[in-house]
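Multiple structures are listed underneath, in structure tokens.
Each of the two complexes below includes chain A, the first together with chain B, the second together with chain C.
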Partner chain A sequence: MTDAAPAAPRPLIDSNDSRRPTGLLLVAIPVFLVGWLVIWPIINAIVRTLWRPDESGAIGFNLDSYVFFFSDQYSINNLTITLWTTLMCAILLLVICLPISLYLRFSAGRLPAYVQAMAIFPMFVPSIILAYAFIRVLGPNGMVDILLNSVGLPKIRTPYLTPWGPVIGLVWDNIPLTVLILLSGLGNVANQAIEAARDVGANRLQVFWHIILPRISNSVLVAISFAVLGIFSSFTLPYLLGPASPEMMGPFMNRTFREVNDPLNAITQAVITFCFCIAFGLFYVRSVARNQGK
Partner chain B sequence: MSVLKITDVSKIFAGPTVAVDNFSLEVGDGELVCLLGPSGSGKSTLLRMVGGFERPTSGLMTIDGDDITQLPPERRPTGMVFQSHALWTHMNVFKNLAFGLKLRGLPKEQITEKVEAVLELVGLAGYGTRGVNQLSGGQQQRVALARSLVLEPKILLLDEPFASLDQHLRERLREEVRDIQQRLKITTLFVTHGQDEALAMADRIVVMRDGRTEQIDRPDVVYREPQTPFVAGFIGTMNLIEGEVSKGRFARADFRIDIPIPDGPATLAIRPEALDLEAAEAGVAQVHRVTDYGTHGLVDLDLGDGTRLKAMVAHPDLFSEGQKVNLKPQAMAAYRDNARVYRS
Partner chain C sequence: MKRRDFMISAAGIVAGSALLPRMSFAAEGVIDWYTSSDSNILDFWTNTVKPAFEAANPGVSINLVDAGDGAGIISIAERAMAAKETGTDPQADFFESADAELPAGAIEAGIYANIKEAGLSNYDKVNPLAIESDYSLPYRGSQVLLAYDSTKLSAADAPKNWDDLVAWIKANPGQFVYNRPDKGGSGGNFVRRAIHQANGLDPSAFTVDNYTEEFGNEALGKAWELLQDIAPSLYDNGAYSSGNTQSIQLLAQGVVTMTPVWSDQVLQAIDQGVLPADTGLVQLQDLALAGGFTRSVVIENGVNRDASLKLADFILSEEIQSAILTELGGFPGVSWDYVAPELRERFADIVPKTIPTFPGGDWSGPINDGWYRNVAPNVDRNS
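On to the complex of A and B.
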């Protein structure tokens, strides 16, 4: 009698052809949904704004809606305020979140844990609640005004309904994600790398500039890209906190579509917004790829 | 001339945990002193205090008479080589070495000259443009050493620099580092938990335990004349036999030997190479295992009460498992109350 040969261990990745349809089937549903709900509307929007009937009714390549957008001062102002808001938010997020992340990374004890909890807290507050909280605190006759009034001080110039309103709201809203991404990047900076820099004579600022910042440049890019993409196309906070004119692209699109009842120009605005976002996205991918190649 | 003087330095972490307890040491000019001890003995904390990465709770540290106790690391005339190399991976080899010189505001030509000279010294001439991730572990360690040396520190601090390297590379590098240290005559404080490294490299060894000094001596003295049972057990292989002395005779199980010390408990320390064996039918110990290492053999012995001893023999084939033997120590020491009370 001979012993039966032991069964060969099953590989982690099964290359058996008969299993491939199962794998494809598993990814088919999400791929289909992305195609149906994201890719198709994008293609559809681009095609609908570029191939339109002219005055004679013949369908052809037509840039009129884009020409209108870029020749209309109001549209340009809206695009400019959106870019300005995005830029301000990106700068403020870096200025606010980098020190918080550095503090959380290089401190130990109970206080950093509380600071981290506070930094992450906005993540659990819906934008609409945040907007109304902002109005109740910083708005006209809000809590700050009441407190100032109670001690005989003059009212503040409220940022509510000014371009700074959405900036404050969007920065607050994006702090948690930015802090988390920066913190994850800082986790990759070894303590000994910092100590080695101090050992050769670098002060704290030089350590930050020459050692920490180059090591977290990818994380900074990721954090800022995520924030920029979200802020550029944001709607709720600019709609509730921002000025009526000029307005950010999100509320502008909504008003053009619903109140002005002009779907073509609303779609054109959406395509332009998408183009800016894709440009940010491509810049991010290129920068990350270049950094990883170094 | 650079002399490091550590006087009554203590470090107490929150808890409170006493990491270093009233430690004093003077490292002479060009001397290489090894801090040796098990994990948690406080040797790395002490080195980090000298480097400025930890502040002492009390005590004084001076370099050439200048008080450095409260100085931040960037203002100390020390250079540290870290266990993990701690190279900056976003810089190439040249930039890693040049960084400290740039911070000191040296002109470009002088930086290039110094970096190239140090790369030559550590055997990495022509490696300046390489990325540090392209180097082997040994080469990375040399770059880390070069990065410290290029700044010409008064005191070189080495924190288990070979711990992450394989045995062969470790042996080669420790010889190279010792050569460089002697050539530059740089005062060096070296932390390791490897006895081989300490014995091979150090001018003096400081054996540490629980933040305190157990013994400070030349390597050969620490090995041959350990002052405490801890040092005896920690340096090299040592048979430590707990027993009782009565009327000048030490006893453990059936093993007896004359030791001229007062009656009471004692710990007998015998090196395996100092323990001769004599086959005897009524021997006091039984051979448990014989291991032939080619150059010599190691015989594991049992005293009959579970006490295990080791003896180094030239001819392991003369012994076999179960065989009874008598023990003939050629040299030994006895300890009582953590102090040596007898040596032969």
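On to the complex of A and C.
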């Protein structure tokens, strides 16, 4: 407990080997937590679904629950709607967030500050509140319908309780993170490079395609993989805004576990969800690794 | 040797200091009260029951604790069982909402007080239909009713039995919605009413331990056919809201004309102005939609057992039972004869003559999963 070594003045950067344990100790806690709360449950889930007793009671390698998942049309539909929702969200996020971040990067003054505040705002809105606000605004006889009605226009086809409900909610929820990541990527684009391209006669589209996009492709990849990871396993918005069936994997897993009391199939669904997420995660890891290699 | 002494005393101090705040927790005269109910129940106890009881019983107070959900109550009961074995203080006296059969063996272990034999002065007022066990006290109930928009449907035309309801739903496509059966009891009990309908209107056909896969498939299969039949005529060609509140919201926004609701929730919604005062309420007369009572238990080995029994007696008093109607919007646990006559008249529509219930246990899983697999899909919503 007491370090009684007589202290010589310590250099600012201590290259002495004896300080290494302190560094290791500092990372030990997060590493331990990740191992305990993330890695171990994953291994546990995989082993529990693969290595378990079969009908005769003999414990051994058993793929039944996976065979059931992929031969069950209901489960397949749920997986498909999850992939569809994720893809739609990714496309819409890019279409919405790229123009916003380009605007914020290349304009100055008060207005962009307000736009930025608006774009970051969803970050501070809990998704349950977002869901109820959505129902009030876009739901049947909601605010949009009332406004349309007051000018004599027909009602909208409400996205509430259809697959588009979660898509709209999730896109809005993920705008801040995507804009922030894209904006930091756009910081890498030098004004001189754009001016140089303009000098030789490049139009706006050419500047975007040949100068800006190659510089931020990495950020786009990171932003999309972050958003996709969150959306694939989202729960609250699909639960409150989506249809009863098909349902996304998050509500499906939760329901299988809690309401159907079927932990084996719930864990199987979780492992399958995890496998898809790890594929998206690899994109992220690869782009980070490529970035550091530079 | 020295080091070992140090370790032992250090461990003792740590354990002691961890226990210290809990030891001071279970005090004589402070009833440790737990609930698994929603926040409206906790509010009701905080604002109505606790002040009234403490005023009537000087020197006794109630410590209201939210146990979260049913699993939270069960784990506290398990703690009481362990405490009973070691002869220590369970630090729990009263469960506002519990099933005396859970956890298994609790009654045999003697941790729940026998309410029937405890000599409560109000016990014989309890609605005999509601009594499930001698060890639990049904003190409030609620039932699922149909709420409708009386500007679009007159009380005279409101359906009074299942066949009329189905005919009305089909004649008014898009005007009825019920929520997913696992996401809230209003839709859940509507689905259970369909199961009763498909199986000869006999609630006694389903008991907590008679689920078998064969019987389940047969009984539930017929109900899924009934529900599939009405699905295309529901709101948005077969959409299902994701909870009790969302159904009320759709009714409040004038999107649908009728939806099943919990009696206490709908009365509260009317009271708070979420739904207009002229919202119609109707119960099916051939067999009511299922409902249930909330039952309290008293911990036998709790420090404040006697005070807790006094509390159990107190919540059956006319004062609290009337407040359950007027403030909570539930219905009383005592028979209707013991409710003030003007209240009896005012709430005549929701007075349950029979209270069909549907067992939980092994039935819940197949009902929830079967509904999602058979009723929720199989509808082309774009048609």
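Here is the rule we use: the second predicted complex is superposed on the first by the 271 of 294 C-alpha atoms of A that agree within 3 Å, B and C clash if a C-alpha of one lies under 4 Å from a C-alpha of the other, contacts with A are read in each partner's own complex, and residues count from 1 in each chain.
In the analysis below, a contact is a pair of C-beta atoms (placed from the backbone, for glycine too) under 8 Å apart; a residue touches a chain by one contact, two chains touch by 3 or more.
Keep in mind the model is a prediction, meaning the values are calculated, not measured.
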item	value
Clash or fit (per the criteria above) of chain B with chain C on chain A	fit
First, second, both or neither for A:Ala45, with chain B first and chain C second	neither
First, second, both or neither for A:Asp199, with chain B first and chain C second	first
Touching partner for A:Leu264 - first (chain B), second (chain C), both, neither	neither
Arrangement angle, chain B at one end, chain C at the other, chain A at the vertex (C-alpha, nearest 10°)	150
In the superposition, chain B vs chain C on chain A residues touched	C
Which of chain B and chain C A:Leu94 touches, first, second, both or neither	neither
Minimum C-alpha spacing, chains overlaid - chain B and chain C, in Å	48
Contact footprint of chain A on chain C as seen in their complex	180, 182, 236, 239-243, 246, 249-250, 253-255, 364-365, 368-369, 372-373, 376-377, 381
Sites on chain B touched by chain A in the complex	51-53, 72-74, 78-80, 82-84, 86-90, 99-100, 103-104, 144, 147-148, 151
Of chain A, residues touching chain C in the complex	74, 77, 135, 139-142, 158, 161-162, 239-240, 243-247, 255-256, 259-262
In the complex, chain A residues that touch chain B	190, 192-193, 195-203, 206, 210-211, 214-215, 294
